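The structure that follows is given in the form of structure tokens.
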Amino acid sequence: MALENLKKWEKELNTCIRCGYCYENCHIFKLTNWESDTPRGKLILAYGMINGDIEPTEDIAKKIFECFYCRLCEAGCSAKVPVTEILTDVRQVLLDDGFDVEGTHVEVDEDKCCGCGICVSVCKPEATTLKEENGDKLATVDKVKCEACGVCTVACPSGARELKEGYEVSRKELDAKIDKFVKEKLPDDAKEKTVTFCCNWSVFPGLRLSVLPFEDKESNKTLVTMCTGRVDPEMIVQAMRDGIAGVLISACPLGECEHDANYKTLRRVLLLKKMLQQLNIEPERVKLTWVDTNEVAKLEKEINSFSEEVSKLGTVTVE
Amino acid sequence: MSKPKVAFYWCASCGGCEEAVVDLAEDILKVVEAVEIVLWPVALDFKRKDVEAMADGEIAVSFINGAVRTEEQLEMVELLRRKSQMVVAFGSCAHIGGIPGLANFSNRKGVFERVYHTSESTSNPSGVVPKTRVTVPEGELTLPEFFDTVNTLDQVIDVDYYLPGCAPPADLIMDAVTAILEGNLPPKGTVLASKKSLCDECDRNDSKPEKLQISELKRVHLTEVDPEKCFLAQGIICLGMVTRGGCGQRCVNANMPCRGCFGPTDEVKDFGLKAMSSIASIFNIEGEKDMSEEETQKLIDSIVDPAGLFYMYNLPSSILRRRKMED
Amino acid sequence: MDVARLKSIVGAQHVRDAIDELYVYGADASVHQAMPQVVVRPGSIDEIREIARYANSELIPIVARGAGSGMSGHAVPLKGGIVLDMKRMNRIIEIKPDDMYCKVEPGVVDDDLNRALKPYGLSYPPSPASSRIATIGGEIGNNASGIRSVKYGATRDYVLGLKVVLADGELVDLGARTRVEAAGYQVHRLIVGSEGTLGIIVEATLKLVPLPKFRCLSVAMFDKLEDAGESIADIIASGCEPSMLELMDDIAIKAVNTTLNMGLPEVDAIIFFEADGKVKEAIDYEITTMQEICKKHNGQITATSYDLKERTKYFSGRKKLFAALAKYKDGYACTSLADDMAVPYTKMAECARKIHEIADKYGVIMTAYGHCGSGVMHTKILMNPNDKEKWEGAKKAVEAIYDYVDKVGGVTSGEHGIALSKAPAWKKARPDLMKVMTKIKKALDPNNILNPDKLMDAPDDWYTATPIRYMIDKEKTAG
């Protein structure tokens, strides 16, 4: 069994003292609240499989393939266990053993993919390549390497790539959240509505899904995508069309993004602002700010000052 | 058995779609044989009142091209909708706004200002400007109202199918007409062309390097363009990756990059925003780590007119639909 | 096990019995693991009552579980049965700042509670180091205490009242909401520290204290462990009121230096002490007094600060100790064995020395550190966990340490609880207590379904009580 190859991790797995501190910041655990979705849980399952205590099953495999590679578990690990490295190896082994399960990685709709190769260019871990099938070029995703940052889903010119639904980062779910916020009735003296897209790391430490480390004003909706690479200009402009006065994007500072996606976000935002200006929409309604981990106070300040500035502009009316 | 009745009408258009029908060449005889054309202003003598006299749904299919931006066009398309079982938006203008859609960067005031006053070839010393009504000794004369905003066809009436392209290619037209006559149509709302974007059928796709990027922007009219290599790989903005395929890469074959006349594929809401997302994503990826914010701004500024470029054929169908005018 | 019945009580999506869930819920932060038959997540008191009624009638064990951060095996379902995951019940029901109490469901995470209390200028202080994930229910079951317990006390001092579901499904409302009450048996106090064996906690009323305005941390270094020990005893005996009083021995210091490059001076012992309150002069007085005491015992003061950033920096050596110990030696693991005990202040230094002596004797590495201000000493046994011989040594070391602790008038656990790992040592030391506990258990849980085989009913050999989580000599240990 290929699991034998994982015996090399036994020492590290022994180092894990099972304190459970990794529960604190795991996005997936916060969503499901089942302990098998935690880093500790996954390491326990891995250890059990390596030692023959339990047999791999599809359920187990699915869990191992669910991860956004935020690495917050490692950052807070009492014993500095290389959690993502171990679980990535386990993924490969499970895949090699025939467990081709759906995880949190990006999926490609082959009916829509035109084989343009743009996704290949933007993927830092080289998790996507083009394959040839019946003379067609199609994008394919390496389930082990994909870290589910989403930068390729926005770069894809056909909308053929998407993150898995159920983790609050798919387009459908983000659109629904914005739509709900658009329809919310605020008190008369509230500021104009703003939406803030945060990268997961900008809000760390202290990010517990749906429990932000600061009080979200009633006039602002903070949406945490795992990476700002996932922020689609279509979402920004649709929001403004529907009554959101401004959109703030909080990304890791240049050079700090695990996926190099903040460079793409910067270019997209600059180009969007230029186009908005041409359409006579105030470009300052879209703002990109750099917020590093541990700078939550800065983020809160940015949201407040952005809300002030944008409220002066009112909502967008085109006709 | 009576032949199905068919109507052709044109709104804000250039006449190229009418030409496209004529371009069916010999095939047009097959069409003419199979149907009874009851309206075709450019070619036949039927009048509006002839259409008004018909029963609702009497016309099997109306092919309407051109965008809707005057009162008359609106009335006519609404009339045809009432009288037709099926309406096909024919060509880019009806589908996504087309070139006339660029007028959404302006409004009536701006357009009239330009056309009747400031254009270099205008000679209008008394400053005459069209009005919607004027009283003359014989009575009152009217002209249709000129809207501020250009609309796509489906923004004013219910549309059953779309034939994309500026103008739709002959083979797509024949396929669509055949499908209609045979009653062999896909679900309502389908755009009758390829499901995938142009890269899928473009013969330059294989010439792309493994990691495609635009390292430095080249403008097509200032560059010697390699006729075999992918435009993007040469630094020239081509919108083929966003644009629906089915056109036979006519522009590419003429060594010009695609400009998006077939509109986006099904999943995309706003062609211009999708196009700019993709282009921005691959713009100097190799050098991105070494660029400061200012240098990145400069890079972006090398795209001289992004709104005009990315919204060239589709501004009315975009999320914002038009430019916001100054008060 | 009627899984369908359980599903009808809580909803199918809150019941799981597939291997991926069972295997994980069979483990906690101890060396033990065992598999339950089903994991159930109740959402209300009524659901828990129904589950208890069902389990009691069918003699199915129930283990209530919070975050599973216990180090002695509290949450390990030794006899299979139902694991009751209480984390769904995580509402803060109410905060009463004027009455200085709050009511919470048992699944509320300690840090979340303190975050919610902060805007009111209040705090729930007995938080253990695991407060970022530990739930109130688990903390109560364990009578948890933490860094600040030297001044603020343990969980039992903060539980004003509890709602508990008994084994037969009956719901009882215990305690009160007032600071003091002399109204009946202090049964809620009995539940505190009962490790889930007497009832299922479904609601807690907790006392709150004001957040101190200032905190000042100071650090003292000693060339002799005994001097450090004497300083600690002296500080407490002289009436000082530190809000934190921590010790690190030389092995702990070496660990943080080698694995984390902390660059701490390689002395024999370091003490961290803190004073807090609302008047700076009062805090200055406390700190100065404690510093004088340290100096009297040949200590060298190396840092003092009110500033949060600086305090965090100075304290980071102690805070990151776990990580350092885990990576102390290649191939060695940090096992939770003899990890916790409490001894009289005057025996602190001697205890630390004894630990080193026993470690050397039995061929393992042990370090001494902890909340010595409350008399708590922590150790970790570092050894190659795959080597059976080392386990033999470890077993003897555990026994020897607790024999010593008992001899000097200490107690088997200061904070981490008894459950499984410490049960044999504790049973040896407290036969009278065991007798009374057995009577109480029989009265409240006659069918013995609530977390059976823990505490006084735990197996006599912790090593074979459950499979050990490590692969020892490539074999699985007995279960």
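Note that the chains take the letters A, B and C in the order they are written out, and that residue 1 is the start of every chain.
FYI, a contact is a pair of C-beta atoms (placed from the backbone, for glycine too) under 8 Å apart; a residue touches a chain by one contact, two chains touch by 3 or more.
What you are looking at is a predicted structure, and each value in this text was computed from that prediction instead of being measured.
Within the contact network of the assembly, the step distance from subunit B to subunit C comes to 2.
Chains A-B form the pair joined by the most contacting C-beta pairs.
Centre-to-centre spacing of subunit B and subunit C amounts to 70 Å, using the average Cα coordinate of each chain. One simple way to say how far apart two chains are is to compare their mean CA positions; for subunit A and subunit C this gives 35 Å. Residues 10-11, 14-21, 23-24, 33-36, 38, 40-41, 44-45, 47-48, 51, 53-55, 57, 59-60, 63, 76-81, 208, 211 of subunit A touch subunit C in their complex.
The residues of subunit B lying in touch with subunit A in their complex are 105, 148-149, 195-200, 205-206, 208, 210-213, 240-242, 245, 265-270, 272-283, 285, 288-289, 291, 293, 296-297, 299-301, 303, 305-308, 310, 319-326.
Residues 109, 111-118, 120-122, 136-137, 151, 154-160, 232-234, 237-238, 240-241, 254-255, 260, 263-264, 266-268, 270-272, 274-275, 278-281, 316-319 of subunit A are the ones touching subunit B in the complex. Residues 16, 18-21, 23-25, 27-30, 41, 67-69, 85, 87-88, 112, 130, 132-133, 322-323, 326-327, 330-331, 333-334, 336, 385-386, 469-471, 476 of subunit C touch subunit A in their complex.
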